[in-house]
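Read the structure below first, then the notes.
Every chain is named by a letter (A, B and C) in the order it is written, and numbering of its residues begins at 1.
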Amino acid sequence: MKKSAKIKISDLAHVGRRTPAGEWFRCYWLVVGTTKELRDIPVAVKILGEELVLFRDLKGEIGLVGLHCPHRGSSLEYGDIEEQGIRCAYHAWLFDVTGNCLEQPGESKDSQFHKKVKHLSYPVRELGGLIFAYMGADKQDPPPLPKYSPLVGTGGQRYVESIRSYDYSWFNFIENGVDPVHFSVLHRSDPSDGTWRSWFFNRHEIPYFDAVEKPYGVKVISRKPGPTPDTEYVDEKSVALPSIIQIGDLEFTHFHKPASALAEGTHIEHIMFVTPNDDNHFMLFTADYYTGPDPDFFPKLAATRPPPPTEEKKEYDHRKYMPFRGSVRHEDIVTQGTQGAIDQRDEHLAASDRGVILLRKSILNAMKAAQEGGLPQGGIPKERAEQVVKIDSFTGIRAKGVF
Amino acid sequence: MKKSAKIKISDLAHVGRRTPAGEWFRCYWLVVGTTKELRDIPVAVKILGEELVLFRDLKGEIGLVGLHCPHRGSSLEYGDIEEQGIRCAYHAWLFDVTGNCLEQPGESKDSQFHKKVKHLSYPVRELGGLIFAYMGADKQDPPPLPKYSPLVGTGGQRYVESIRSYDYSWFNFIENGVDPVHFSVLHRSDPSDGTWRSWFFNRHEIPYFDAVEKPYGVKVISRKPGPTPDTEYVDEKSVALPSIIQIGDLEFTHFHKPASALAEGTHIEHIMFVTPNDDNHFMLFTADYYTGPDPDFFPKLAATRPPPPTEEKKEYDHRKYMPFRGSVRHEDIVTQGTQGAIDQRDEHLAASDRGVILLRKSILNAMKAAQEGGLPQGGIPKERAEQVVKIDSFTGIRAKGVF
Amino acid sequence: MKKSAKIKISDLAHVGRRTPAGEWFRCYWLVVGTTKELRDIPVAVKILGEELVLFRDLKGEIGLVGLHCPHRGSSLEYGDIEEQGIRCAYHAWLFDVTGNCLEQPGESKDSQFHKKVKHLSYPVRELGGLIFAYMGADKQDPPPLPKYSPLVGTGGQRYVESIRSYDYSWFNFIENGVDPVHFSVLHRSDPSDGTWRSWFFNRHEIPYFDAVEKPYGVKVISRKPGPTPDTEYVDEKSVALPSIIQIGDLEFTHFHKPASALAEGTHIEHIMFVTPNDDNHFMLFTADYYTGPDPDFFPKLAATRPPPPTEEKKEYDHRKYMPFRGSVRHEDIVTQGTQGAIDQRDEHLAASDRGVILLRKSILNAMKAAQEGGLPQGGIPKERAEQVVKIDSFTGIRAKGVF
C-alpha cells in the first residue's frame, strides 16, 4: 500500500493485506471464536482473507496459526491436538501456539531443522467467553485488549451466542447500526399490538434521532416524549470502531412489552462484534450482559423469542429470502444482503443517513490514522489498558435531552 | 463504444451496455414478462445484463425499474407493492412505475430531497399477454411497439406459455430457427410411424430449402413434392430481428399426423421471443395464435403433447442431459446448450448453413445501422406504427414455388 | 511458449497447451480410459485442458476426438456411434476415429465439402485393459507406447480398477509416491495390532529410506533389519515419468499381515497412472498384476478390503473430509487435497523430502529435454520399442543393501 494513497469510502469493501481497510482492521483485536465453541478439534477460520486454524492445546492454550503446514502445505485443520500444540497429519510436524516447530519425526534424531521453521501465528486472548486475536504488525508487543464492559462486568449474568455467519460485506451490517430509521420501516410490527415497539417505531411517526461522535465511535439516539414532561422514551445504540454494535435490548424483548414496562429499563448490554472473513463474508459474535433482578433471565429468554417467520410463501414466489417478515434478523439479512458492497452501489444519502455519514467520516479518519502509523479511534493506548471501555446503549425512559 | 469499432459476428455473444449487440438490442422493444405470471409480488429480472425489478402497482400499471433502491442499494424485489408504486423494505422510499421517488418517510416532513431522486426505469407495454420493455436511449419517445400479428389478431384463440429459461447464449437458440436441416437429423422420428414428419423430415431424403431475406429478417422454406403436380408440402419458418422465431405449427402437433392431414393447414402462428438475460442466459416467451375451427384447440393440446423423454439411462451413462431423444425441446437444449457461444466456436459453415449465414449478415447490417443511429431492420418507423407485422410461417400443402 | 523460458518447479501446476508441463506431458502416451468402462456410449473427457470425446465405433476401433463438432460446435458426447465412427446429433456429420469427416447429409449429394473438414483427433492404443492416447506433435509417427510390465505380463492375473477422479493438482498425488515418511504418520495404525505395518511404519521408529535415480524416474527404498543378519524388510516404491506410481502391494493387503508373512513376498505390481484433466483435476487409472500362487487372488481381495472410515463425527465437527482415518485413500485425499498446488505453497523442504527433491529435479530435466525437442526421461526410443519397461516396487524380505 502506498502511504500516499487517498483513502476512499469504497475502500471499506476490501479487507485483505495491503488494503487500507485491511491494514486498519489489523490495528485492533478482533474476535475470532468463542470459548464454548472451541473444543477438541481444530477449526479452520478465514480472517481478513487469511486462512488460519484456531485450536486449543491440551494444556488449554489457544493458538491461531496459518492453516497450511509450512512443510508442504497440508491443512492443519486435520492435525492432531496434543499437550504441546498441533501436529500435522501428513508428516507429524508439531507446532506450538506461537508457531514454533517442536518436532519433525521424519528427520534424523539430531536434526536442528525444526528450529529454522517458524510458522505464522497471531497472539490470542480470551475475554468474557470470546476469543480475540491481534493480526497487526507488532505481534510481540500488541496494544491492550480493550476491556469492553459487557465482557468484564461482574455480578451480572453473561451469555455468549453461537457464532453466526453471513455472506455479504461486513460494512452493510455495521452501518445498519447507526441507521435507526430502518427500525420503523423494516422491523415494523402490527400498529395495534399494544407494544412499546409499535408505538415508538412507527413508520407514520418515525422518532427524531441525533447522531453524535463518541470516543469509541458514533452513537444514535432516537427519542419520543416520555410519560412526564421532563422525561422521554429513548432508544440509543452505538457503533464502536472498528466493527462493534451495541444496543440496549436483547433480541428486542422489550420491544414486545407495553410502553409502561419501559420504566424499569432493560438492564442489558447487547454487544455484537463483526469480524470480516473476507470481502464478502463476515462472522458475528454476540455477548449479552444482564444486570437486572431476574436470576433466570437467560433461561427464560428462549420462551419469549419470536418464532422464525412463517408467512406463507406463494407458489409463484421465487424470491430467495422468503419469508422474512416478523424476524428482525431475517429482515436485516434481506436488506443488507442485497445492498451490494459499498464499492458497488449507486447511493443517494439523505438527511436521515446522518448516522451513517458520521460513522463513515469516523472510519475514514481512523483508516488515515492507521495508515500514518498512529493509534486509530477505538484502539486503546497502553496507559489506559486497565480502563473499562463503556459503549453507550439504552432502551427505556430517562430524563430529556441526554446526549 | 467507439463508433468506428468494426462489428464482428462474435460480438453477438455480448449483450451488456456499450457492446455492439447490447446497443442494438436496446433499439427494440423486448419481452420481459407475461401478463399471467406478473401477479402481486415484485419479480427480479436481469435483462441485457441489467438488474431490474418488474412489478404491477395496485392501480394496474406495470413498472420496470432498477433492482437496487437508489438510497443505499437494497433490493426492491422485497419491497411492498402499493397503489402508487413499490416501496423499499429498508427505509420505505416509494417509487412509481416511471422511477419518480414519491415518499421518503425518514426525512423531515418538509424535505424536498425525494424530488431529486430519479430511479432508473424503462417504458413498458402489454400486448397479447406479453409485457414488452424498451431499454433504448429515447425513453421519452420510444419507437412504436410492433403489432406482431399473433399478438393483435382477433377472432382466433391466443395462448401464452409460461416463461422458459435457458443457460446458454441467446444466439444459439435463434440461429437454430433458420437451420431447417437439423429437423431431419436431431428431431428424427421412427421412419415407419406413418406421420408426415417422418416422411418429410427424413435424414436420408432431407428436403431442399431456400433461405430468403424478408423485411423483418430471414425466412427458410423446406419443400417436398405435393399430392398433385402443382402443389408441394412446405415447412416455412422465420427469424425476425432482433430475436424472434415464428413457426407454423404448435409443439409440432401436425408433425404427428399423417401427410393427408396437412391439406387442412395448421391455422397456427407459433411465435417465440428470445430475451437475453446476460451473455449466457436467456428467457423464452411463446405465444400461439390459432384461427382454425376447433373451439377447444388449446385445452385439447395437452393430451396430444408427447411425454418427456423416458428412454432408460444406462447406469454407466453420466452425460448431463440424458435422456433427451423424443422431445424436440430437450433435443434442442442438448445441441444448442453444448455449442458454446459464437465467440468461442471453431466453426466450419457448409452450404446447408445458408439460412444461418443470411441471418448473420442481416444482423450485422442491423447492428451497423444501430451503431450509426438509424432504424435497424425489424424496428418500426413511426409512420407505420399501426401496421400489423406479419412474419411468415407455414406448415402444410400449397402451390409450388411460393417464396 | 518461448523456448528460452526458464522452467521452474511451479510450472508443474499448469498443464494446458503452450505451458512447459503441458508440452512435456504431450511427449508421452497418457492413459485416458479403461477398456472395461468404454462401452457403447461416447464419453466426454478433459485431458490436459482439452475437451475431447472418447468412443469405440461398432468395428471396435477407439477414437479420441475433439468434443465439439467442427460444424457449429455441438457436443459429440451426444452423438450416435456407428460402424464407421461417431455422428453428431445436430446435423449428422459423421467422423471416423482419425477425425475424417465421412458424411454431411445436409449437403447436396455431390458436395465435396466433407473432405475439407478434418476434426481434431489423437492416436489411441489399448494395452492391458487401459486406453492410452498420444497428444504430442507427431501424431503420424508417435513414439512407442511403453510396454509397462504389469500391462504386458502373461501367466499371471491382471485386474484394472474403475477410474477414480480427484479435484486437486496431479503433482500433489505424484510426489506423495516418493515420500515414504508419510506412511509412518498419515497411514498409521494401532501399534499393538500385530501387523507388519504397525511395526515397520511406526512413527516413533520411522524406517530409514534411500532415494535413487532410475532410468524411468525415482525409487525410494525404506528398510528395517530383517529376521536374519543378512536380510532386511523392505518397502520399495517408484515414480516413473511422467506421472506413474508403482508399489509392491495391493491396497496394502500385506500391511495387515504379521511380519512373518512377508517372507513369501507379495507377488504384486500395483501401477497407478495419473492423467491431469486440467490444472486442478486428475484421473487415476490403476492396474494390478499378480504372479503368486492363489488362483482366486482378486476375487478374495474384496473381503480383505478395509471398510470406509467409520470414526464417528462429532456434531460440532464441520470439517469437509471427516471421517478419514483408517482408509489410506481417504487419508491421502485429506493431505494432498489441502496442500494447494505447487505454485501456491510456502514450503520448507527437509532432509526427509529427498525423494521429492530428486523427483522434482528429474522432472525439471525432463521438461527441459522436452522443450529442446529431445526425448524426455520415461519416453521410449524407437529402437527399444519392444523392450518391457520394468518399474521397481517391492514389499517383503530380501538381501540387505539392494538399491
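Simple rule for what comes next: a residue touches a chain if its C-beta (ideal position, glycine included) is under 8 Å from a C-beta of that chain, and two chains touch if they have at least 3 such contacts.
Everything quoted here is computed from the prediction, not taken from an experiment.
Same residues or different residues where chain B meets chain C? The copies count as same if more than half of the interface numbers are shared.
different
How much rotation, in degrees rounded to the nearest 5, is required to superimpose chain A onto chain C on the basis of Cα coordinates?
When the C-alpha atoms are superposed, chain A turns by 120 degrees onto chain C.
Nearest whole angstrom, what separates the Cα centre of chain B from the Cα centre of chain C?
The separation of the two C-alpha centroids amounts to 48 Å.
Can you pull out the residues of chain A that are in contact with at least two other chains?
None at all.
Per the contact definition, I'd like the list of chain C residues that touch chain B in the complex.
Checking each residue of chain C against chain B gives 37, 39-41, 43-44, 68, 70-75, 77-78, 89-92, 104-108, 111, 113, 116-117.
Please name which positions on chain C make contact with chain A in the complex.
That would be residues 181-182, 184-186, 203-204, 206, 314, 316-319, 321, 324, 331, 334-336, 338-340, 344-353, 356 of chain C.
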